[in-house]
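Take this structure first; my questions come after.
Order of writing sets the chain letters: A, B, C and D. Residues in each chain are counted from 1.
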Amino acid sequence: MEYRLLGRSGLKVSVISLGGWLTYGGHVEKQKTFDCMKAAFDAGVNFFDTAESYAGGQSEVVMGECIRKYGWARNELVISTKINWGGAFASKGHAENSVGLSRKHIVEGLSASLGRLGLDYVDLVYAHRPDRLTPMEETVRAFNHVIDQGKAFYWGTSEWSAEEITDAWRVADRLGLIGPVMEQPQYNLLVRDRVEREFYNLYAKHGLGLTTFSPLKMGILSGKYNDFKIPEGSRLSSSSDAFTKSMRAKFDTDEEMKKQINTTKRLEAVAKELGITLSQLAIAWIIKNPNISSVITGASRPEQVLENVEAVKHADKLTPEIMERVEEIVDNKPQLESRRFA
Amino acid sequence: MEYRLLGRSGLKVSVISLGGWLTYGGHVEKQKTFDCMKAAFDAGVNFFDTAESYAGGQSEVVMGECIRKYGWARNELVISTKINWGGAFASKGHAENSVGLSRKHIVEGLSASLGRLGLDYVDLVYAHRPDRLTPMEETVRAFNHVIDQGKAFYWGTSEWSAEEITDAWRVADRLGLIGPVMEQPQYNLLVRDRVEREFYNLYAKHGLGLTTFSPLKMGILSGKYNDFKIPEGSRLSSSSDAFTKSMRAKFDTDEEMKKQINTTKRLEAVAKELGITLSQLAIAWIIKNPNISSVITGASRPEQVLENVEAVKHADKLTPEIMERVEEIVDNKPQLESRRFA
Amino acid sequence: MEYRLLGRSGLKVSVISLGGWLTYGGHVEKQKTFDCMKAAFDAGVNFFDTAESYAGGQSEVVMGECIRKYGWARNELVISTKINWGGAFASKGHAENSVGLSRKHIVEGLSASLGRLGLDYVDLVYAHRPDRLTPMEETVRAFNHVIDQGKAFYWGTSEWSAEEITDAWRVADRLGLIGPVMEQPQYNLLVRDRVEREFYNLYAKHGLGLTTFSPLKMGILSGKYNDFKIPEGSRLSSSSDAFTKSMRAKFDTDEEMKKQINTTKRLEAVAKELGITLSQLAIAWIIKNPNISSVITGASRPEQVLENVEAVKHADKLTPEIMERVEEIVDNKPQLESRRFA
Amino acid sequence: MEYRLLGRSGLKVSVISLGGWLTYGGHVEKQKTFDCMKAAFDAGVNFFDTAESYAGGQSEVVMGECIRKYGWARNELVISTKINWGGAFASKGHAENSVGLSRKHIVEGLSASLGRLGLDYVDLVYAHRPDRLTPMEETVRAFNHVIDQGKAFYWGTSEWSAEEITDAWRVADRLGLIGPVMEQPQYNLLVRDRVEREFYNLYAKHGLGLTTFSPLKMGILSGKYNDFKIPEGSRLSSSSDAFTKSMRAKFDTDEEMKKQINTTKRLEAVAKELGITLSQLAIAWIIKNPNISSVITGASRPEQVLENVEAVKHADKLTPEIMERVEEIVDNKPQLESRRFA
């Protein structure tokens, strides 16, 4: 396993990490969750990601259970959670302070997360999406507060804009507080603009580190939809949550998705040539970007974990020539603004 | 004339202002320039805008001459210039420090501008486009330096992104310096995204004031291209600068421009109904946006000045119902991100 | 016993202290460790030094046991530990965050050290060597955090360069945090450059206090190698750790070591003349340097402790004349750069 | 000519610059000085370096005269001077405040330099060597003062240690002042330690830019001493200043110099192979280091200027293979300390 510093911090995270989104605590049964996490840990993964909102809190519960089951030492693990959407933990009609990034919800939400995880602290706590109703100063102060209380070591953001991250640093710099060290955006061969263009200035300026999600773009880059059909028995064919439903609806109508599947088919040829799977190509391609500290992968079976972890070894196969060919296929390289106008 | 505070400052600017871009010092002869400026001044306009790069410095020269010619008192005027592109003022092969936003060029460039204007100070100095090679701290410090030296009263930006403006405030807040008070973006019925969506947070957060350019979108919104032809004898038909040439080239090929002209024709019907000119409708519509401090207009004849200034009086005619109809015609209302994700 | 302020702090440390490096928890059996520590305590030593990495944590365990065994009051003791190398406390392949000076390891490492010591807090916590991968701000904040949490009273460094200590103060000064109060370098008659030249500015500027290690230069200055042989039955003759092995290897080949032993033999004559042992001469010489707060000595037998402590009484015998003779023998006085170039 | 940003600033300096040390105002006659400076300017050099102490102030006098003679615009030039040794400008016995880096001498010294140069401001002002008698805060404040007064745009240091530069930033950071942007060290194929090892952390941390002097190591790297003799008629054979005398004395006795000449002879073979002169090889080698903003060269004849400037074009000839061979010949690559001890 390769370990990278999390942005401009001293924390080392495995370049492949395992996340609980849409899987653990939900449709993946408990023993399978344990198997996946153990396979990951044994393969050198040290970073496990969850959120208060994943499976209504059950993702944290089952991931915490796994840590205790195998007796992993706390210093061997990097555990993260995310705060914003804790609506599931309040009775209907009284959830108004269980969402957002107020001091109240950051403190209460993180405490509840730690309770579900059975931990004294997480390593990383993320602001799960921006909350534009709460003043930035309150949010920055609250994350510093939980760090001071020893309940987290670092704080970051998820799906914030470059302006919002800069604004958080503005407040932190003015007050001598700790700014956001990491951001968790979507990033994959099909979605690149934010990471490669919008965040361009933030890497050197604030040492922003990225832990990216959706490396396979909801599975499209695994090639499993290459027949333009939802495979029977897949989660997408059966799950009933709103997110999955909206994904399903796109299959018949969405021109963009058709284009993405066509792109995926061309990428498959490259993967085959390199002797690796399409998923491995997709993950290895992300790893080549030095601004990415860790690729958060999802898995419902241990074999998937191993396939994903294997991608690290294959990263060297993505030579400049291969990268060039991939670039031509995806044809979506973000255009950087010129550095000086003259 | 209506006067508005320039963002969160105490300076009052006429809501209609007169700029020298592409006109004064260039193809508009000197006496016509004087006539336009006098018409504006007499109609209550107090704010005149120029830049070191307009007509290779000649815009500043002639506008300064006009001020002295009519003996206008300094306290009756708000004069702005913009620094970034001073390449015209260095011999070939030695212009490398005559562009950009280094301390050297901000100080030297502004001094040279004041020399051409024949003034001791400007009221406003803008960073004419961002310079991403110069550290933000150097630029913020340099604008504060020229303010401390008494050579400008306020500093702002032109065509910067929300992230860049926020970053300027980050530096200013940390060092206890003055941040950018105003921004000068393009804004009109056809180009709205930056002003209405991207800058959305900046008005309340930093008190950003806007002085907008291109209210008629290079003349399109005056209706003069409604026949899909360049009128004979117009500047566009004859001028040979690169900018004009590229505009001209678009007339035959650009689908976007055709669409804009069609939109303009539908707007013309609304203007007719209100008994005002199309230009007045376009300017009055901008004035309705309370985040705009001043609309910088261009004019090569005094009659145009008066037509533009007249728009102020007609702003009341743009009732909520009319605004709704305009919205339907232009069909480009920027989508704000929801204020909270839940 | 003489007590000195620890640099520019209000803490008083005995000028002779006892450290656990290469001895306690390792090859020195437990009862001997207790005897040494008791002899020291009874002789007025109040400062005991250890580290998370000494004997894989066993140094802390046994020293903590001793404190409880004799029921010494916490307020009578100054206890230090050092954080950086906690690799022994993670399973193979998962030690990446158990070394270095990240917030995670400083917090987790110190907590584990306190657990092994059986203490609620240490008086001093050192950064055991620099960690150039972790941003200085993170390290300075983390040491302040553990001080805020009540887990340590002061923080310092060990074997950092003058630039690195200055950089820590830069961060601390900017953020209004506590900077490093003490540094723990090697210092003895044979190794002087860092303490006397490189750190020269730091004593007055930051009030840097020194707690020095290796007063006898790994035993050379005790005279026990004066026959150019490793004495039978000594630790050096039998121990198998990498450090000891490399020391042993030098005896046959290292010209530098031969030179040092020759110097030692000449010093022995001076000691004899003063009626003290060579070790006492070596320790008394260090004590004469007012920038040294405490000399950390090692001992595997109580008699050694008493011999070392005795050196304090003999310091007065090192008159200016004797100091001059010693200077001639060691012939290694660091050359200070002139204070002004003219 | 290639232009580089001066460290983390927005100022562009030509990668080859021309300095007045040991030449202008001294043994090089005035017309020759003008010829050299004109040749440099015409070849694209924009940066000219001098100091209050060069030729007792005459270097500044003659260089200022040249600027006026050719009517070069101020915005086309980057002019630097250095303050510390102004002893020549006070009568004997009253020079105590004409040296050093006190507020008094920085202000008075720079004013006098500007007077000799006939300029309102320099672009760069250097602290010529550290002054360890003056508190760092006074020096940092004084350089900020002259910048605030408009008498310089940037300040830096010359031959300061990494600790001293870090300490200047400590003071600047605490007070919100401007820190040193550039340092002027000796740097060439024979003297590398400070630039490549000691300053290693400063490039990323503070954006330190370097303007290096002595690219040919007092001429040795030009090959002119390859016969182990001082060429007749050279400055070294005749000049009587203390510096030159001490250089001359080394020729007979200094083993180090003999070794350097032998190294130079081996480098000559490489230069020949590349079809460039030895001086060009030496200068091109410096240019390959991206931390160097500008190489300050000396010249007493215009042909030398052109030979030096030409080196820029030849930099590409120093392929990785050639760089490797040069490394083997000079055999003095500084050893970086490991980034983390584990």
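The rule is short, and it goes like this: a residue touches a chain if its C-beta (ideal position, glycine included) is under 8 Å from a C-beta of that chain, and two chains touch if they have at least 3 such contacts.
In UniProt terms, the chains line up like this: A, B, C, D = Aldo/keto reductase.
None of the values given here were measured: they were computed from a predicted structure.
Q: Rounded to the nearest 5 degrees, what is the angle of the rotation that puts chain A (Aldo/keto reductase) onto chain C (Aldo/keto reductase), matching CA atoms?
A: With C-alpha atoms aligned, the rotation comes to 95 degrees.
Q: From the centre of chain D (Aldo/keto reductase), which other chain's Cα mean sits the farthest off?
A: A
Q: I'd like the Å distance between the centres of chain A (Aldo/keto reductase) and chain C (Aldo/keto reductase), where a centre is the mean of that chain's Cα atoms.
A: 45
Q: Could you work out how far the Cα centre of chain C (Aldo/keto reductase) sits from that of chain D (Aldo/keto reductase), in whole Å?
A: Averaging C-alpha atoms per chain gives centres 42 Å apart.
Q: Could you put a whole-Å number on the gap between the CA centroids of chain B (Aldo/keto reductase) and chain C (Aldo/keto reductase)?
A: 67
Q: In chain C (Aldo/keto reductase), which residues are in touch with two or more of the other chains?
A: 100, 131, 133, 174
Q: Which chains are in touch, pair by pair?
A: A-B, A-C, B-D, C-D
Q: Quick one: in the complex, what on chain D (Aldo/keto reductase) touches chain C (Aldo/keto reductase)?
A: 84-85, 87, 99-100, 129-133, 161-163, 166-167, 169-170, 173-174, 198, 201, 205, 337, 339-342
Q: For a test of understanding, state which residues of chain B (Aldo/keto reductase) touch chain D (Aldo/keto reductase) in their complex under the given definition.
A: Those in contact with chain D (Aldo/keto reductase) are residues 86, 89-91, 93-98, 100-105, 107-109, 112, 131, 133-135, 138-139, 141, 145, 148-149, 174-176.
Q: Which positions of chain D (Aldo/keto reductase) touch chain B (Aldo/keto reductase) when the two form their complex?
A: 1, 3, 5, 8-12, 41, 44, 46, 73-76, 78, 123, 147-148, 150, 153-154, 176, 178, 207
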